[in-house]
Structures are given as structure tokens and as C-alpha cells.
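Next up: the structures, one after another.
You will see chain A twice below: alongside chain B first, and alongside chain C after that.
This part shows the complex of A and B:
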């Protein structure tokens, strides 16, 4: 395998690393242009209120203010999903959460813009608000959106097989309730947008976005300008994790201000605004029932999931569908029932966050499986071994599984972690736990239904034999650019430094749907290979004419052109290009990727979400210490094995696994957005504590390569799938350490301590009873 | 009300070059660096002295420049990420981060580099615990720190 490829499978440091370590690379907020104004947004102080009147006259009259806009300037509602066009960039009728966007100002300085906000008068009529989704979904009136009765954004009810029969076959059935608090992406770069009004009535928009093409479409819609008049450029992005994967209000507000002021306008969120812009992982209630036979076979799973979606639709229906679609599909479970509710509340909208929709249900399921394994007296690893899919296969809910490295993930992770030596054998206070997860390699169905390929990549070769790849795929730190360089150079048989990229610029690069749902390697990677292969054919065809032979007799490798069977090269790559240009003219190639029909899932309502051309798998083992005096949990180590199909670049794959584990660790133990009547009590990184080096253990990442038949060189996703296994692995390790199960995230010292005290009370009571019984027995 | 304040003249050395500027008394060091000196490699991540993306060296010590007033830097030596490479040659710490994939999105990287430079100036052969503590004030949301730790160990090993 190693000999087969020159670059694939070899570690390649990121091509943009130099620009990042020197500080020369530009993120959106680093870009300034002459005449640029500073934009600021006025946010609602009320969680739910009618807007009776907005008077901007005093703000507009302030010297230095160049534009003030309200919802009337851009009334068209939008949203990432076609079914969820429910937010205006600036609300004109109703504010639906504290922080909702009411008006925006562009001025010559930040101080003037901020002062101008204070001069805007808004009359609100405060309405009763909904903060708890379980209450909100019972509301008979006063709904957050008139079109959404009972504040239910969407509900789905799926039933595959027959769970009643399944539970009847089980010897062990458990029902548990799980809770996951709300978490947010906390990408290090706060969102920023620079909208430049050009003299020819065009607009250029630099923005911190994972989805330049959705932004392009939305700006065209809301600003009522043809797409051809808008150019969206994605500069360096300081992390996304889903938080920049839908249209964020500042992106539209900057454009609307720029259009009105006819000047460049930049808006950069404060960190507090980033927290309120949110779109993170929702508060989730999971009622779960799972049945297990005495032999350890899972017979049925039934879940009722309620997600607190916040005030707008966003990706909500997709989130709640992923929770159902990927609930059981990792294992061979014949009977699955899912009832999912996405509920509206008067809080910032939730959305896609790394591991979208799968993380909280995976926590519940894997923790439950651990408990059932103990009930049945089976090693938790064995339970998983006994419920593996027989891939390739179609799961009970219609997901096509083409490659399945989970068995090897389980074996390698447990072996590296010393599972057999440690499980049940560690001293009290120290424990080991394991869990599994899986994730999509991109969604097989696009957000906006169409038959347009999900990615197109163009490649051009110039006279100096340099290669330019035009890709819309958004590098956000995950290594997308490096992957394009690697694939192109591999297929063309050239040095990587010949390859230059033009990335995510809607004027120049063909459509790519964006960096979300872990789709880039699979989809843009396949499109890039197709384009490079096409380029290779063109080059060889041109050279063949020059040499008077057939293209099929030629080979291009290691910067040289060979006639097959000859040991000496006929010409180098530069000469080959010169020859090809002579016969072909300008060398331009195109490649596309479209998921196959067979990967697109079933036909039932909601079947569109969950299908992917391929799935990644992960198994992890966590080792923890629990301080029984304080309840404090310390994660000592995590071993994470991830099936990424093929590691095109092991360096970046490991980075993705480790980053996912890290984010899971944060959600498991310490991250939570604390709400009080719709107000966020911890809207800073000081209070919303993401793990530092002091809380982050050694993470051992193990790459498993199942070589997917349709992936680019066999690759699948690596960026998200690992996250979901980390949380239950830690929870299960805590049980192993101190014998308590915490079904609520994050697992804070308070919760552990309370559970320990409860357990002690129970044990004392049992001991008292036993001594009572013992006395009776002695009679 | 007036939004303008009298400006204060400052003399400081930035990346080895003397520099005379005028700032408002409330101007933060990071604002001076980014907005007046156009050294945009120093980033603002949190506004609350937590994330460390804005870390620079002030008279050799790593400080979070979002919580230092520019006037406090009067007469000082300021070193930013732009001052690390010399004559187009990367600083060994920059080399180590790039080679070991000690960065992904790169937003936190300049701050981490400055804290690492400070660490290695103080402790050329740091223990793992010293490394972890030295960068505990620099959060990275991408990497899980593993490759950052690797990069710092590599930089320490490369330094004589």
C-alpha cells in the first residue's frame, strides 16, 4: 500500500501553516479597506416582545453615522432550510429572544456606532415567554411563531421493525431518562463580516463562514440583488465546528448596511454576541428504552427526544432527524422506534455543532448499553461485539453501509488501553469505560433539493506547468486545502508545491455546498480526483499526439513522463505540459461529485436526513479518577480509534480525532450554557470554561482504515465522528470508578457528589435491612 | 457628550523598531497593535483575558494585550508574532508548530507561539508539566493540545 502512492497516506503539514505561524494570514477582522465603516447591532433586551415602534431619527442624526437600518430595510425572511425561512436579519414585528436583532448602525468609529445604538428608541410590548421546552410544547396560545402551533418546530415519529416484539424477546429491559445541557462551539475567532459596496453596484463580502455558497444565495435573496452582483469570499476561518455553517445575522446586517451607506462596513461580534448568536447543541431530553437478551443481543430500542431549539428554526429539523437516524444504525438492531420533537423557546436558536444531532443520543445509548451489560453480567466490550452490523448492508432505517471499521476500532482501542487488565480491577476511585460512535461522511441529500452535483472542482495548468485548483470547499482549519493539494499532486504525479489553490470565492470557484456534516474530504475530495484525472487524460492525449503514440501507452509519475515499459523517462512534467498545450490549448479540467442514488435513503417522511455515501466509526476507552470527597472527575487518558476509511493525511486525521475528543471532554465534564429567564449567565470564555491544557489528558489516536469503496482513495470522514464516543466513555468510566451513573451532562462535581451520597444512603439502608433480615433469619 | 479624548504620545519598541504613536488613554495595547500598527497577527478571541489569542511579549514577558492599556506599554519593548521570523526564516518555535501540525485554524497560534517563546527563554528544557502550565492561559479549540505539546517538545529539543 505504501508503495502504491507517493503522497496519499503520508503526513503532510498544512499548506497554509506558514501563513498562520507568521501572523501574515488574514482572517476577516484583519482585513481593512479605505473608507470602511464600523457596524454594530442593537439587540433585544426582552425574551419575547412585540415591537411597537422603532425610532432611529436621533441615531441617524449623530455625526459620523452613515447608515441606520431596521427590518424595514430588509424585510425578506430567510433561514438555512427551505422549510425554515422564519427570521429577518432585523426583526420588525417581534423580538423572540434576549439578543434578537432589532436595528444596525454603520459609523465612522466603533464609539460612534455604539453611541448611536443607545439613541435608537424601541417601544416593546413584553409578552409571556417560554424557556423550558417541556412546558413550551404544551402552550395553547401566545406561540413564538404563529405558524408553529404548540411551539413545535417539527416532530417526527419513526418505527422500524416492531419494538414491542423486540422488548418481549429481551431478558433485560431498561428505561432511563437522560439530559444534556446546552453547549456552544466557542470557535476562537469571533464571527466577522466585511461587506464592500463596489462602485459598479456590486458587493464583495468577506465573511467567517463555513458555507460561502449558502451565504451567497441568502444575501442575494435578502438584499434583493442578483447573485452575479454579489461576490462572497471566505478568508482564513478561525474555527467553525458548525457555528458558522448557517447564515449568521451579522453577515446579512453588514451587507444591508453597506448597501444603504454605499460604503464598506465591517461588523465583528464581541464574544458575548458570539454566545448569543449561538446555533449550538440544544438542551436535550432523552427518554430511552433498550432491550437486551441474556446472550447480549440488543432486541429493540425506543427513544423519545425533546430538543430545546430556541427561537428560530435554523437547522433544527435536521438536528432532530439525525438524533433518530443515527440512534441505532451503528449496531445491528432490528427494532427501532423514535419520537423526536424540536421545540421552540425564547432563547437563541440552536443549530449544527460538531457531531450534529448524534452526540446527546449517543451519550444516552452508550451509557444505557453499559448499564445493560452490567445487568446481564457481560463485559461492555463483548456486548458491542455481539451487535455488530454485517456490512456491507442496509440498516433497518435504510442507511447504506459500505465500509465498517467498527470491529477493528473496538479491538484496537481496548487493546491499547489495556482493557482486559483494567476493567473491574482498578482501585476504587479509578475507572475505565468504553463507548462507540459513528457519523456521516456528508449528507447524501442536499439542503436545497436539486440534482446539481454537491461539489465541482476545476483545475487549470499554466504555461509554466504550475497547477491551480479552484475549489469552493471551505478550509476552516480542518485541512481541506492540504487535501486538495495532496490529491491533485498524487493523481498528476507531481510535487505538491506545483499546486496552488483558489478557495471559496464565489466569483472564481465552482459550487461546493460547504464545510458541514463532514462532507469535504468525501465529496470535494472525489470531485478533485475526478478533475485531476480529467487533467491527466488531457495532458497524456496531448503528449501522445506529440510522440505519435496512444495516450494509453503513457504514464505520468514523479514529475516525469514515461512510455509504459520503458525505464527512462521521455520528458519531464514541464515538457509534457508544453507538448500538451501545443495540441490542446489552455488546459482546463473539471470534476464533480454527486452521491449515488443508492445512498440517498428511504422514502418515509424525514428519510432525507441520515443517509450518507459512507459512515465513519469510532471506539474509545477513557480512564478516569474520581475524588470521592469532592466529586471531581479527572480524565487520565483517552484512547480513540477512528475508522476514517483511509487516512489521506495521517497528521490531519489525528488532529481531527484529538480535537473531537477534546470537545467531547468539554461537554462531558465542564461546558454548559446556563440560562435564567432567557438570559445567558455565562456569556464569556471566563465563565463558559472550555478545557485548557490542564484539564486535557493525553489522547492516543489510532487510525483504522476500512478503505471505503466509494471514498477518495477509500477515505471517509474524520472530523466529527469521534466526539460522540468520548462523553459516554467518560460516563461509563465514572461508573467503573465509583459505581454511580450520572445521566445528566455535564457531569459536574456536584452531580457526582450527590449521586455518591445517594448511593451511600441506599447502601446503608440496605445494610440495615439486611442486618434486620439477618436477625430474623437467626431466630 | 463628546466621544473624543485627548491623545497621549507614546514611545515604544515594536519588534525591534522604535515607534512613536498617539493613543487615547483608553486604547488597549491590542488595539494599538492591530488597528494603528496594522500588525494583525495578534488576534482578539474573547475580550476577557481568558483565551490568550492576543498574547504578546511585553519586555520579554507574555501578556494578554487585550487587558493591557497601550499607555502602560510606554517605553517598553513589545514583541508580536510578526517579530519572530528573521529575514524570511521562521523562528524554531514557528517551524516546530508548522511541522508538528500544532495548529489547525491558526487563530490561537500567534498567542501560543509567544507563550512558547517565553517558556523556552525561561526554561530551555521544560518538563511536560511546565509546558502544560506555560500555555494553560492559551486556549485552542481545534487541536486538543496534543500536537501543540508535541511541537513545544520538538522546539525545545531543537534548541541547543
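This part shows the complex of A and C:
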């Protein structure tokens, strides 16, 4: 394998790493232009209130203020999903959460802009608000959106096979409720947008976005300007994790202000505003029922999921569909029933976050599987071995699995963690647990249904034999740029430093749908390979004419052109390009990617979400210690095996696995958005506690390569799939350590201690019962 | 977030600093390392007309020790310097242990001992942005008239949330304050008012210039236990500092226990010292001391963790600290 490729499978530092570590790289907030104004947004202090009147006169009259805008300046509603156009950039009728956007100003300084906000008068009529989704979905009146009865954004009811029959075949059935608190991305870079009104009436928008082309489209819609008049550029991004994967209010507000002021306007969120823009992982209630036979075979799964979506649709229906769809495609489960509810409440909108939709349900499922294995007296690793898919296959819910490295992930992770030596053999207070997860390598169906390829990549080769790749794919820190360089150089047989990129600039690069659902390597990667292969053909065809032979007789590798069968090169790459240019003129190539029909899923309502051209797999083992007096959990180590098809760049794959494990660790033990009547109590990175390096354990990443038949050089996703396994692996390890199961995230010391005290009480009561009434009380 | 408008003064001499403080009274605010003041200013918790930067006053930084006069640490000494001082580590381990838990390395490089002793009290209803507080309608401490922690009362329960002060209370330290009348010293315990609104007793024109630890505390065994979610960055949710001197038979000659982050002031647990003197370790005694700790430390809903849990941990940490010191003493 190693000999076959020059660059594939070899670690390559990220192309933008140097600019980032030296501080020279430009993020949106680093960019300033002459005449630039500072924009600020006025937020609602009420969770739910009618807006009676907005008076901006005093703010507009303040010296230094160049524009004040309200919902009336841009009334057109928008949203990332065609079914969810329910947001105005600035609300003109109703405020729906504390932090909702009401008005915006652009001024010559931040101080003036902030002062101007305080001069805007808003008359609110406060309405009763909904904070708990379980209550909100029962509301008979006073709904958050008139068009959404009972505050239910969407509900889906799927039933594959027959779960009643399935449960009847099971010897062990568990039914339990799980809870996951709300978490957010906490990307280092707060959102920032610079909108520049150009002298020719065009607008250039630099923005911290994962989806430049959706932003392009939305700005055109809301600003009522043709797309040709708007240019969106994505500079360096300081982390996305889903928080920049839909249109964020400041992006539109900056554009609307710039259009009105006819000046450049920059808005950068404060950290608190990032929490209000949010779009993170929702509070999730999971009622789960799983049946297992004596032999350890899963017979049926029934899940009822209620998600607290916040005040707007966002990606909500997709999240709740993923939660159901991805019960499939990991184990062989013949009967699955899913009832999913996405509920509106008066809180910031939730959305996509790393592991979109799968994470909370995967926690519940893997924790319950551990408990069922215990009930059945089967090792938790064995129970997973006994429920593997027979891939390639199509699951009961219509998901096509092409490559399946889960068995090897399980073997390697448990072997490296010393599972057999440790399971059940560690002293009290120390424990080991395992869990699995999976994720899509891009969604097989686009957000806006069409038959346009999901991505297009163009390549141009110049007279000096330098190669420029034009890609719309958004580098957000995941390694998209480096991947394009690597693939192009590999296919063309040249040094990577010949390859330059033009990235995510809607004036220059062809459409790519964006960096979400782990789609870039699979989709843009395949398009890039197609473009590079096309370029290679053009070069070889030109050289063949020059040499008077057939293109099929030629080979291009290691910067040299060979006639096959000859050991000495005929010319170097520069000479080859010169020859090709002579016969071909300018060298321009194009490649596209579109998922095959067979990957696009079933035909039922909601079948569009979940299908992917390929799935990644992960198995993890966590070792923890628990202080039984404080309830504090220390994660000692995590071994994470991830099947990414092929590791194009092992360096970045390992980085992605570690990053996923780290985020999973945060959600497992300490991260949570804390609410009091719709008020976020911890909108700071001081009180919203992402783990510090001191809580982060040794992470051993093991790369498993199942070589996907359709992936670029066999690659699949690596950026998200590992996250979901971390949480249940830790939860299961806690059970192994101290014998309590915590079904509620995050697993705080308080919860562990309370569970330990409860357990002790139960055991004491049982002991007294036994001795007190001759054992008759024991059941 | 922008800073409020103020004039920045950088006095070259201590006397100049005092003069500026006298002239502006409550409208002046001192900045040392700035790790507490700057975010608070950004949140508009204060709107001083004058901010007095003490960094130019190099004479306020330094650690000195003599067997006769004990330890003196200047107010502008950085937390990193204290934590890394071999003198403090060997002779006053409780202080090194406590200072090492403050925030993270970056804050300790900037933060000073004086600043840490003068931290603003903290509460989840108070340490929020201006927007957040306006949406709430303020609280008793600022811009409002209701305490959201204890709505029936008219007392501010914002918690004093420092780590160095309990260690210094356990070392029976004195604080040195310089004002228009020169320098004066008082027991550190008297410096704190135990009122969330106005946490420290400084008169117009006064500032903290040093901390003094008496000679008898040199070599005193001690330890600080801090409840927090993360092992770095976080303010304490509860803190217990204990020092003890015991003889070879394990009989306690002197012990001091102080708690932090559970009241509007760091407090010495007075009964603990009385109960421990002349006693040997026993389970009953530990239980008594732990109870004394929670009769002094009274956590309310001022921070992320619940009062019940913080009380439990206060007891546990007190017991653990005592066991540790007695064990080490024997070894």
C-alpha cells in the first residue's frame, strides 16, 4: 500500500499551520478596510414578547452613527432548510428568546455603536414563555410560531420490521429514560462578518462560515440583490464544529447595515453573543427500549426522542431525523421503531454540532447495551461482536453500508486497552468501559433538493507548471485545504508545493455545499481526484502528440514523465507542461461529485436524512477512576479506534480523533448550558467549562482502514464519528468502577455521589430486609 | 466588549498613588494584574473615573523572610513568583499550595497577591454582562433591589472566591495597608467585612501594600483543598486551608482551619483551632471539626454547584486535610 502512493497515507502538516502558529494568518476579525464601521446588535431582554414599537430616532441622531436598521429593513424570512424559513435577521413582530435580534447599528467606533444601542427604545408586551420542551409540546395556545401548533417544529414516526415481535423474542428487555443537557461548540473564534459595500454597488462579504454558498444564496434573498452582485469569501476559520454551518444573524445584519450605510461594516460577536447564536446540541430526552436474546442478539429497538430545539427551526428536523436514522447502520437490528419530536421553546436555536443528531441517542443506546450485556452475563465487547452487520448491506431503514471496519475497531481498541486483563479485575474505584459509534461521510441528499453535483473542483496549470486548484470547500481547521493539495499532487505525480489553492470565494470557485456532515473529504476529495485525473489526461495527450506516441504509453510520476517500460525519464514536469501547452492551449480541468442513486435512501417521509455514500466506524475503551467520596471522575485513558476508510493524511486523522474524543469528554463530564427561566446562566468560557488540558487524558488513536470502494483513495470521514463513542465509554467505565449507572449528562460529581449514596441506602435496606424478615423481602 | 471611559493614572511612587486615591475616593479604582478588574470593567460592573495602575511601583513586589520578623510578601508580587518561590514552598507550603490552584498559568503570571486578596465578590447573578443584567433587572449588589440568591432578604451573599486568603488566614497573617497616614497592619481576618456589597475594609486613599506571616509559622505544615470542576482556570466553589503543628506523639499544638468561596468573606473556623489543640486524631474529632467547618461556611446558590454538595465537600476536604497533615506529621 505504501509503495503504491507517493503522498497518500503519509503524514503532511496542514498547509495553513504555519500562518496560524505565527499569528500571520487572517481570520475575519483581523481584516480591516478603509472607512470601516463597527456594527452592534440589540438583543431582546425578554424570552417571549410582542414588539409593539421600535424607535431608533435617538440612536440614529447620535454623532458617529451611520446606519440603524430594524426588521423592516430586511423583512424576508430565511433559514437553512427550505421547510424552515422562520427567522428574520431582526425581528419585527416578536422576540422569541433572551438574546433574539431586534435592531442593529453601524457607527464609527465600538463605543458609539454600543451607546447607540442604549438609545433605541423598544416597547415590548411580554408573553408567557415556554422553557421545557415536555411542557411546550402540550401548549394549547400562545405558540412561539403561529404556524407550528403545539410548538412542535416536526415529528417523525418510523417503524421498520415489527418491534412487538422483536421484544417477544428477547429474554432481556430494558426500558429506561436518558437525559442529555445542552452543549455548544465553543469554537475559539467567535463569529465575525465584514460586509463591504463596493463602489460598483456590489457587496463583498468576508465571513466565518462553514457554508459560504448558502450564505451567498441567503444574502441574495434577504438583501434582495442578485447573487452575481454579492461575493462571499471565507478567510481562515477558528473552528466551526457546526456552529457556523447555517446562516448566523450577524452575517445578514452586517450586510444589511453595509447596504444601508454604503460603507464597510464589521460585526464580531462577543462570546456571550456566540452563546445566543448557538445552534448547538439540544437538550434531549430519550426513552429507550432494547431487547436482547440470551445469546446476546439484539431483537428490537424502540426510541422516543424529544429535543428542545429553541426558538427557531434551524437544522432541527435534520437533527431529529439523524437521531432516528442512525439507530441503524452500526449493528444488525431487525426491528426499529422511532418517534422523534423537535419542539420549540423560548431559548436560542439549536442546530448542528459535531456528530449531528447521533450523539445523545448513541449515549443512551450504548449505555443500555452495556446494561443488557450485564443482565445477560455477556461481556460488553462480545455483545457487540454478536450484533455486527454483514456488510456490504442495506439496513432495515434503507441505509447502504459499503465498507465496515467496526469489527476491527472493536478488536484493536480492546486489545490495545488490555480489556481482557482489566475488565472486572480492576480495584473498586477504577473501571473500564467500551462503546461504539459511527457517522455519515456526507449526506447523500443535499439540503435544497436538486440534481446539481454536490461539489465541483477546477484545476488550472500555468506556464510555469504551477498548479492552481479552485475549490469551494470550506477549510475550517479540519484539513480540507491540505487534502486538496495532497490528492492533486498524488494524481499528477508532482511535489505538493507546486499546488496552490483558491478556496471558498464565490466569485472564483465553483459550488461546494459546505463543511457539514463530514462531507468534504469524501465529496470534494472525489471531485478533486476527478479534476486531477482529467488534467493528467490532458497533459499526457499533449505530450503524446509532442513525442508522437499514444497517451496510454506515458506515465507521470515523481515530477518526471516516462514512457512506460523505460527506466530513464523523457522529460521533467516543467517540460511536460510546456509540451502540453503547445498542443492543448491553456490547461483547465474540472471534476464533480454526486452521490450514487443507490446511496440516497428510502422513499418514506424523512428518508432523506441518514443516507450517506459511506459510514465511518469507531470503537473506544475508556478507563476511569472515581473518587467515591467526592463523586469526581477522572478519565485515565481513552483508546479510540476509528475506521476512516483510508487515512489520506494520518496526521490530520489523528488530530480529528483526538479532537472528537476531547469534545465527547467535555459533554460526558462537565459541559452544560445552564438555564433559569430561559436565561442562560453561563454564557462565558469561564463558566461553560470545556475541559482544560489537565482533564484531558492520554488518547491513543488507532486508525483502521477498511478502504471504501467509493471513497477518494478509499477514504471516509474522520472528523465527527469518534465523538459519540466517548461519552458512553466513559459512562460504562464508571459503572465498572463503582457500580452506578448515570443516565444523565453531564455526569457531574454531584450526580455520581448522589447515585453512590442511593446505592448504599438500597444495599443497606436490602441487607436489613434480608436479616429482618428471614429473607422473604428479597425479590 | 468595550471598556468604560476612564482616565488611566500610572503613579511612579507609592505616595503619588495614595494622593490620587485620596483625591478621587470611590471614583478611583486600583488595577494590579488586571485579571479580575479588566473583565469586570468590560462587563461594566464598575464605572470608575480614574484607574490607578500600580505596575510602575516595583518596590511593592518581592518576597522577604527573616527568622525574627517572618515572611513579608509585597502586594505586587505575582502569583507565579509566590508559587515558584523555594522559600514559600519549603517554609509556608499551604500558601504555595493555594496559590498554585489560582486560575491558570497565564493568569498567575499577571495576577498579584494584592489583587487576589482584593478580588471582587462573585455571584452567578452578578458576574454577567451589562445586557444580561439589564435583561434580569439587576440584583441587590448592582442596579437592582432583589437578591436572587435570597430574595426575601436585604443582604448580598456574593461569595468571596479567592484561594490565597484562606491559606494566609491559616497562617495567621497580617495585612499591611498604606494610606495618607502611612502604613498600618491588621489581622487579615479583620480586613474582610463578610458583606457581599463592600467586601474589604479600606478607607479613602488606602491600598494593600504587603502581607506579613509571623515567624512561628515558618515550617508549619499545611494544605489547601479546592473544589472546582476543572483542574485549572476555575474559581473555587469551596476551599479549605488547614495548618497544623503537632508533636511526635501526634498531639496537636496549634491548628488553624479557614474556608473560602462559601461566604462573602474567607473565614477562619475559630472552633476548629480550639477543638484541635491538645488532641490526637480520632474519627469523632474529625467529625466535630468537619461540622465546625460547615457551621462557619454557609454556601448558597451563588455558583454552579449546589449548596448541598459544596457543604458536603467542605466537610470532606476538612477531614482529608487534617488526616493528611497528621499522617505526614507522623512520617
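Everything that follows uses one rule, which is that the second predicted complex is superposed on the first by the 771 of 779 C-alpha atoms of A that agree within 3 Å, B and C clash if a C-alpha of one lies under 4 Å from a C-alpha of the other, contacts with A are read in each partner's own complex, and residues count from 1 in each chain.
As a convention for this text, a contact is a pair of C-beta atoms (placed from the backbone, for glycine too) under 8 Å apart; a residue touches a chain by one contact, two chains touch by 3 or more.
This structure is a prediction, so every number in the text was calculated from the model and none was measured.
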{"item": "Touching partner for A:686 - first (chain B), second (chain C), both, neither", "value": "both"}
{"item": "Contacts of A:79 with chain B and chain C, given as first, second, both or neither", "value": "neither"}
{"item": "Chain B versus chain C, judged by how many residues of chain A each one touches", "value": "B"}
{"item": "Touching partner for A:189 - first (chain B), second (chain C), both, neither", "value": "first"}
{"item": "Partner chain in contact with A:348 - chain B first, chain C second, else both or neither", "value": "neither"}
{"item": "Touched partner set for A:630, first chain B, second chain C, both or neither", "value": "second"}
{"item": "Partner chain(s) touched by A:280 [first = chain B, second = chain C, both, neither]", "value": "neither"}
{"item": "Touching partner for A:18 - first (chain B), second (chain C), both, neither", "value": "first"}
{"item": "Partner chain in contact with A:694 - chain B first, chain C second, else both or neither", "value": "both"}
{"item": "Chain B versus chain C as contact partner of A:43, first or second or both or neither", "value": "second"}
{"item": "Overlap of the chain B and chain C footprints on chain A, listed as residue numbers", "value": "111, 270, 272, 686, 692-694"}
{"item": "Chain B to chain A touching residues, read off their complex", "value": "1, 3, 34, 38-51, 53, 80-82, 84-85, 90, 94, 97-101, 103-110, 113, 131-133, 135-137, 139-149"}
{"item": "Chain B-touching residues of chain A, taken from the complex the two chains share", "value": "11, 13-14, 16-27, 29-30, 32, 109, 111-112, 115, 185-190, 236-241, 270-272, 476-479, 651-652, 654-655, 658-663, 684-686, 690, 692-694, 696, 698-699, 701"}
{"item": "Footprint of chain A on chain C - complex, ascending", "value": "1-2, 5, 104, 124, 128-129, 131-132, 134-136, 229-235, 304-306, 309, 312-313, 316"}
{"item": "Residue numbers on chain A that touch chain C, as the complex places them", "value": "43, 45-46, 98, 110-111, 114, 270, 272, 629-630, 670, 674, 679, 681-683, 686-687, 689, 691-695, 748-750, 753"}
